[in-house]
Amino acid sequence: MVTVSIVNVTSYTGLELLRMLARHPEFRVTCVTGRSAAGKRLGEVFPQLGVSQPELASLVLANEADATDLAFLCLPHAAAAEAAIKLLQRGTKVVDLSADFRLRDAAIYEEWYKHTHPAPALLETAVYGLCERYRAQVERAELVANPGCHATAAILAMLPALEAGIIGSDIIIDSKTGISGAGRNPTPGTHFAEANEDVSAYGLDGHRHLPEIIQELAAATGAGAHPVDGRPRVSFVPHLIPMTRGILATCYADLRSAAMTGAEVRSLYERHYENEPFTRVVDAPPHTKWTYGSNLCLIYPTVDQRTGRLIIVSCLDNLVKGASGQAVQNANRLFGFPETTGMPGIAVFP
Amino acid sequence: MVTVSIVNVTSYTGLELLRMLARHPEFRVTCVTGRSAAGKRLGEVFPQLGVSQPELASLVLANEADATDLAFLCLPHAAAAEAAIKLLQRGTKVVDLSADFRLRDAAIYEEWYKHTHPAPALLETAVYGLCERYRAQVERAELVANPGCHATAAILAMLPALEAGIIGSDIIIDSKTGISGAGRNPTPGTHFAEANEDVSAYGLDGHRHLPEIIQELAAATGAGAHPVDGRPRVSFVPHLIPMTRGILATCYADLRSAAMTGAEVRSLYERHYENEPFTRVVDAPPHTKWTYGSNLCLIYPTVDQRTGRLIIVSCLDNLVKGASGQAVQNANRLFGFPETTGMPGIAVFP
Amino acid sequence: MVTVSIVNVTSYTGLELLRMLARHPEFRVTCVTGRSAAGKRLGEVFPQLGVSQPELASLVLANEADATDLAFLCLPHAAAAEAAIKLLQRGTKVVDLSADFRLRDAAIYEEWYKHTHPAPALLETAVYGLCERYRAQVERAELVANPGCHATAAILAMLPALEAGIIGSDIIIDSKTGISGAGRNPTPGTHFAEANEDVSAYGLDGHRHLPEIIQELAAATGAGAHPVDGRPRVSFVPHLIPMTRGILATCYADLRSAAMTGAEVRSLYERHYENEPFTRVVDAPPHTKWTYGSNLCLIYPTVDQRTGRLIIVSCLDNLVKGASGQAVQNANRLFGFPETTGMPGIAVFP
Amino acid sequence: MVTVSIVNVTSYTGLELLRMLARHPEFRVTCVTGRSAAGKRLGEVFPQLGVSQPELASLVLANEADATDLAFLCLPHAAAAEAAIKLLQRGTKVVDLSADFRLRDAAIYEEWYKHTHPAPALLETAVYGLCERYRAQVERAELVANPGCHATAAILAMLPALEAGIIGSDIIIDSKTGISGAGRNPTPGTHFAEANEDVSAYGLDGHRHLPEIIQELAAATGAGAHPVDGRPRVSFVPHLIPMTRGILATCYADLRSAAMTGAEVRSLYERHYENEPFTRVVDAPPHTKWTYGSNLCLIYPTVDQRTGRLIIVSCLDNLVKGASGQAVQNANRLFGFPETTGMPGIAVFP
């Protein structure tokens, strides 16, 4: 058995990791940490665990992670990088769910996160944990940067078109997310009475998933290593939707050839993802609810005949494929298990 | 025009008062206060006001209420009583939306609120602002204690049966409320991600609306002035429902006579409320959504033939008839206007 | 008093008209029709009316509209045109909430609606009922085509930029709507269990609001009268959101001048709408909930500095400014009353 | 492997069975039927299956069940009994999710379901599939009547108190259910626009789960076999809540002894259920969301000190422990597997 720590387990992504790892045949959670709840049992933090998983529920939250084989970091940025340094030195492999190792260029990190990167040297060895693109690198990594939730939906939607070079550089990503993406800390914006029956756009001045999206879309176009010089001209606007889980990204780009048909684009996408266990091309506009609780990313490419635009709709569960599920997928790859090992099955529907 | 202060306007009940008073032909809001937001304009606190009500939006929040003709208090308990003392001394009539003057017995207040009553002398002159029962007293009052939201739904459901003496003293009130009842302060329990797709019971050790309910049900039975000696043996369990507004109370009591029919009970209820502008007996189980944004309380009495029990379902919008709407209804009565003056019309449906 | 018919009152837009007209000082509903419910009283169709508006509730649904001064048509397309012919012949002014008279070109209508237009001659005199653009024409009209809900949000967002000529012809409109927009007829897609916790795109092959949007955006660019020759190259993708009311449109277009600042765009928009009673420019990303139950359309223009794109977010209540509220606004104008007469006030929030 | 048919798989309970059986190590779904969709593949009926479970998705819906080892019936009442007769004759064991075999007395069935029972002879051998009470009988059964969702929550809440004889016969069950309990057929009452932001009571004239509840509560009191002669005097009022999944039942009964404490009751309940894998006593009021997607039933007994009443709150996921999960639990027992085999793990939270 591979021993596992979950650092800052008191977050929604921490709980979601517990949900998956409780059924995982190869990973065993032996250590959980949580700053504010250190000393408590997991069953006190998440009462529902007490009744379904007495063993997990009895784990006592530590201040710091033990020297397990693997650690998942559910910390805020900066804190994650500092924890990663220590864990890697002790020989623990790390899957970091924060943004700390997603951007390869420390200067861009500092521009968006407004502080010096705590571990710039690690940026060179960290691997962006999108198995659909970096599977081989994840397999050899010590440190995996788990992608952002909006970024996963957007990048998986655009990769086939960009790699095939069928679209221009103008890209618009209009993303819709459920409220769990805002984290577990209650704020006026997450108050049920204000979030229910409401939609709004946010991050219009620049959301932190944007540089990550640009970096990966630029890489896919082969535009070179330095992302800000990359060619894609991306606008990204996230929206808050009155639901708990789910992201749906609607992506727009101009096709280079007016002659390209929807069937051709669709065939290109299907070939691109034909061997992927979790990223699937669907033949009708997908619903976020089809992915609720599962690790699927569903992708629907279509051509707007009137304008010659490619429109791609992608969706996923922001806490699973957009966070903890993808983290376990990466961990499976890190330790040489099939990527599907221990993953949740059919979405909970309705 | 009657000049009006809204004290602690930054609450949900404060905003709801603004919504009603903005269209009221006799009341004019000239002063608003808010502790945390003093010095700001109302349009900053509630941005939506800026676009619909520029005049209201430009009011600057004061620290303390001016000497207006009328003040609505949206303060927490204890703070409300202290504010009331000052305002009454200056000749301002007061409608208090807190619990401070609802209980006639200071000892009971202290048992439930765990502190000495700040103004016990005022308890003798304060009137419980349920026009359906105390209309004449409200008209002559200086200080009106606006009833609690659960209490309004429960008391209006039980009054006709208790006054007519057709039921025994065993009463169960199972109440369901939307989340705006928890107030505007964000907490883990009001986080959309946790409150959505969830129902739970709360206040099982005794909810603060219970003594208010007992007091009024006891008074309706004619059991005497001191509520704890009153006869009703009431269990009251509130539940949190994943919706913003609305309370639905399901009330259970034994009929004294096994011969009494549903039609007879129904006829009794219809006669009891036949002249009420806002409390109406309906002939099908009511939906909270039929009251959304309106000042209605809908009541449906029925007899469970198999057990001889009277079951009464009542519902209302907790922020309107359960709070600010009832407060304006009381204020209309206080100043001699028809109770329906300036009240919202048809519920917003769907 | 102006006598009013509501044709097909059993729809959500019919009920919403009742909500507004019940408080309107100049219009009086004297006739309501409803095909499936003819012979019933309004209070049977909408039980909530019975308790709040006994007079309205007692109106009996007719098969056909009387010869009132004004009729609102809440019929499906084609049926609406046929009803309009008869009513206009009898001298009744008509506000049609269907799509039948929105498109000036019968050929385009037939392309999108797959049948011959029942009254092509009326297309020349019908006025597109967007007061923000056609106020003078509405005032002189006999027949007003009330705009579609998505179209209202999108057109009001784009008008100032197009009329000022500051953007190119590439326009993307990503629209999000609540479920009441799907109408009152229950379908699998409107089932709570499937619509809740779900977002999906629809109409990807071409939504019927698209030609209406293109027609009006083309007109705003001065590209001439025949819409398909118009220049805008518009992609429009609507999305279904788990809420009852509200539309939020996020619109993307390239600025012609890289030097244009957000402040300049904002100032342009503010001047454009400065005298509008219901369409307002806001200084923070708006929330659909700020418009719940009101006739407001809120508009937030911003410049994406990284790409030089103009992004405009607009929102409204699809049943009010997107349907019945705008219809009453048009009717006020038709009969020479101020547009704000009898309109709902502050949004119901939270 | 045990071969399994799901009869009428196109229902919500059918889909939920697929979700569980897809991961079950001992059961293999080899046959699915669905009247309206016969001839279609499962992936057409539930598109989400196509991407996650290609093998299941390719099953073609038959008109009638094959001769598998086991069949789950998701049919309406009467149709279920007819299907059961045929399947049992062919040697297929049956778990029936309808009400057809829940009531032991055909006369009571006919009173509530208004038609003659199609297979009264089978009532004698059918076992009420509540493992917490009839585990031994389920193990030997050929035909299991899977309990109703409200009934499961109510009976499990009351069993310990009734078997121990600590309460009187007056019982009130106030139950709150999500909308998936109404089934997959869209109706006005399940329309998102009307069900959202709404609570209402239904079944006030007598809900069909009532005789089932009375039968089992009477049996628990030892009052004899014939349920209507049983002693419990039960009022049961279900309420529709704006959520997809979940039932929470709040149950009220008088304690016989005024001296009994909450701790004593709690201890009694904990002992009663200490070995149950899915029914658990919790030490805080439970949330339906703690059971979302899991097979748990959570039970919280408490004593209302002021009145001497026992109040028990119980909750579960109506599609899992209230239907398909309990069905698989019964099937496990039928075939001699541990009851937890293949069951879903931790609830999906948030």
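Per-chain residue numbering starts at 1, and chain names A, B, C and D are given in the order in which the chains are listed.
In this section, a contact is a pair of C-beta atoms (placed from the backbone, for glycine too) under 8 Å apart; a residue touches a chain by one contact, two chains touch by 3 or more.
As the structure is a prediction and not an experimental result, all values here were calculated from the model.
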item	value
Chain whose mean Cα position lies farthest from subunit B	A
Pair joined by the larger number of C-beta contacts - A-B, B-D	B-D
Inter-chain centre distance, subunit B versus subunit C - centres from mean C-alpha coordinates, in Å	37
Distance between chain centroids, defined by C-alpha means - subunit B, subunit D (Å)	38
For subunit A paired with subunit B, centre-to-centre distance based on mean C-alpha positions, whole Å	46
Junction residues of subunit D, two or more chains touched	12, 178, 180, 191, 193, 196-197, 242-245, 287, 289, 292, 350
Residue numbers on subunit D that touch subunit B, as the complex places them	172, 174, 176, 178, 191, 193-194, 196-202, 204-206, 210, 233-235, 237, 239, 241-246, 248, 250, 252, 285-289, 292, 300, 302, 304, 306-307, 309, 311, 313, 315, 350
Residues of subunit B that touch subunit C when the two form their complex	12, 15, 18-19, 22-23, 46-53, 180, 184, 196-197, 244-245, 280, 282, 284, 287, 289-294, 296, 298, 345-350
Subunit B residues within the subunit A interface of the complex	12, 178-180, 182, 184, 186-188, 190-193, 195-197, 242-244
